[in-house]
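Lettered A, B, C and D in written order, each chain numbered from 1.
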């Protein structure tokens, strides 16, 4: 038995962490991909809590950047970027519940070099933008990389980076909004947070009946902050086990691994994302682990960890975490 | 021979990383502590590059918070907080040079419980302030903790945290300004960055003759962000080896350990601190490691790490780092 | 002939500023109000460029706050606030065009006291929030005010403020997103900008066929910034003349009165909204008034005006303006 | 008798607004100008509350930009910019008091074209910076302008702007810090706020004995935000009457004209400056005008005005104001 039995999913999930049916959501079955997280699309699949789904995701460019000559400004058609699979309807999910998503596996798919990163004009952490500045944009550039689980990410002739895959964009539908898949927020979305990785359970606050789960934008790896705005983007097969926790009210995305719990904040300016992350971590410590609020605040001060997920998207996403060994 | 021989200090330092004379700066020798980083105080000591200095620092409260009943609002007298040792004049240092400070050792001193943290009204990462909001402040509270290198930080009956000490405030004097020791900036100061720890070399851009080195505010440990604004504050004996690198122009604080290099940004909003940190890391990679700028930008995107030092001080301090294994 | 003939609407509009048919969009005709700006609702009316529409709007509370005892936390049901009329389909509008909306008139409707403001927990410019801080919220409070065009806003026994009405929320549908009517952005929405007032022409960049115009959230008046988050909210009859400018590509909302032109930025942090506003004002001066970019930058520096619309919504909205007398 | 008799200075000043001795602080008498606001310089003059001082200020470039060929990057020597007159010691001033400065007159001095503005690399509201971005800087450029009280500011052959002079930098010394004259903060400094103009009384919280008043950086005029970072910079003779208010504790700069009161906030991000300004305006309304706090909050919401002083300096300065007609 793995640590999952002791996770919130294992303890409080409708399926108590037990795997149900297995499904495959192929490219063909998905058909039309989506560019917003919202309630206005028809579900592509309906599952029961505990079910396992293997999903064939496209990369954030929808596969349009095939070579280093395919400049994003030429081959992309805004706002149709960051295509998402789904929505997957989850039986029994209602506003006020939480969708628990355990990421079992994430593998690149398609011909090598399967990984893509790029400098896109007016986008990224260290560039001015045409909406806010008068400077000329940086030169556009594409970099393709071989990515395999065994061989890692071939960044250059000299540098190979570990394959540390994760899901860039994942979450549930807002209640009445349909938000661009480029945006992260309380319902998930484009958090670009490396902790959303195989081995973690991610918790999303359900906003509507059947939850409407979306997923896409897998990354072969990424540094903190996703600095230039584009990670090692890969088409992938990502396998998730989805459970449902009834009556758990959480204000935003939470996450759990064997070692730690994490709360995610997405906002601008960045300090608000950091505050939201730590604020909800403390709420969690108080609600579920018996801490006095000031004691949780003190412990977060002395032992909290902060991951900068992205510092480039319309909202920045940061994750505040606490080791389970300190939670008792 | 340690990794230090291959550090910038070891390769380019006036003393080439060799230890010179040893000095002790006791409380008594320091006499009057300082509350600004500036050029208007007389040096308390004069050293030669390569010299080693053991410094007796006070804690950030100047020792005024002796028990959990000593509320900061009662016992502190603003702006006389965060007392600093120094300035130490370094022979031969001039504007345009870099002061290299290798932290050899950091030990708590004084009677237990030697560690102090506190909730101070209107100060901290998750509190409103009386200058910006209408809300009532959080309740003031002090927590004292035993701190020993062997036994760690006794956070509570149940929780013991590792002793992972570092220097909260350290740097050189600005050229003409005298800035509160509560502020971090390009010259160092109150960065509250856990990487400024034993085993690291910190690089500060010298702004005036003799550099005028200041140090204080040692911490027994701290989480990312120093959330409530007060780490495990301890009076300490901190031992540093100080070298001088002539003619190295750097825009802000840099740092080096055996495993990685790091650039530090201090600013508000937090994204500007993050940008400054990554921007200077890329500059360093281009200037000293032969990267093309776009290649450094790409590598920082896929493999950079970001530490949130503090999210509570007048400027937030973040550190962007890159593993040396990727630098060639 | 009014100044309108010389406006962009008058010179370049499909209807060249001439009034077409007159329509009335009553509460009953509207039926179901909307809480998002998006393409997923069916048009409630179809008009031709030049047409005039009188719209019966609800106040931002949907009329639920009838007395000072109707606390928002009790009578509101998130996210169903800030109800909007529309969408009104505009014949011939396409992505890449601009919708020009001339506000002719704005009158309160319904029984007195018709104006409402409130302190809503965790919302407003000077309050902490439960998502970012640990402080207790401010006390909730409602204030009702008589509002008439002749008598002004009866703020208190002692203080009467001028009736200076404007439209808080107005704009066109995004292309594929459906965004909460609480949010302002490049397509308009909840800008809460007092210049969006009778006598002004507002320009919105069309994102989809027929534009899908929404309007609501009228205010009897408001100070700069809408400090507590709630202006003098009124149900109203607002009359607008809507024209269409083909092939005018603008990055965000612009505005024109007899005296000045204004560009609007909506973003967080506030400096980004300010930059966007001034950046687009300069673009406009360069594109349509023959300025060199640096000369426009200089003139904006010496003669630009900045209005802080709101400092409370999910994005802050600021407007940068230039007197027409300086534009030649 | 003017409105001054009813001002805080007139009612509560040691000199009750009466003029005392007249002094002239010429360039020669000043001798060495200062580049920090701090307590470490010797007073250049000592006055008594009520005294009037005419001060010969240099422009922000210290006169080094004489022609449009004198590029700032060539002729300036950082950090020696924005030279200040003073410090002027004010008899009887102590920490906890307020210095009241009534600006009587501001005249340009020196040969025409006396006004200077410039695009300085990496500085300004719409430019990236080398510390935060990878973009190339904007082209450097200087613009000289004739400036006279009668003829206004000759911006170009076609455009003449009104002469609306004000003091860009003014304030008192911090207690122990010496802060660059480029920075604004609670003690005043480089606020670049157009309301700090002839006819206004500015209130500064005294931090040390004798206050140590500094002044410089006069502007012939400026738009909101000082967009490119450089207003119509002029050397000037500025005449101020200085009074002292004992025992008035204010957290930052306040300002008063015949029509309104204003509180100033200086911070980053900009919303914090806006909050500080409105927060202190409300404090003032409560303390001195008898408002309930929530009533003041409501009134500021419906009738407050916000001036964006600068959006370019190390801290942004905004001023929140309320018409005296609403204050009773």
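Here, contacts are C-beta pairs under 8 Å (C-beta built on N, C-alpha and C of every residue); 3 or more make two chains touch, one makes a residue touch a chain.
These numbers come from a predicted model, not from an experiment.
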Which of B-D and C-D has more C-beta contact pairs: C-D
Farthest chain relative to subunit C (centres taken as mean CA coordinates): B
Subunit B and subunit C, separation of their C-alpha mean positions in angstrom: 48
Separation of mean Cα positions, subunit D and subunit B [Å, integer]: 34
Multi-chain contact residues (two or more partners), subunit A: 126, 132-134, 138, 268-269, 275, 279, 282, 297
Subunit B to subunit C touching residues, read off their complex: 126-128, 132-138, 269
Subunit B-facing residues of subunit A, complex: 117, 119, 124-126, 138-139, 141, 143, 153, 155-156, 158-159, 161, 221-232, 268-271, 274-275, 278-279, 282, 294-295, 297-306, 308, 311, 316, 318, 320, 326, 328
Partner subunit A, residues of subunit C touching it in the complex: 35-36, 38, 40, 79-80, 130-134, 175-180, 251-252, 265, 267-269, 272, 275-276, 279-280, 282, 293, 297
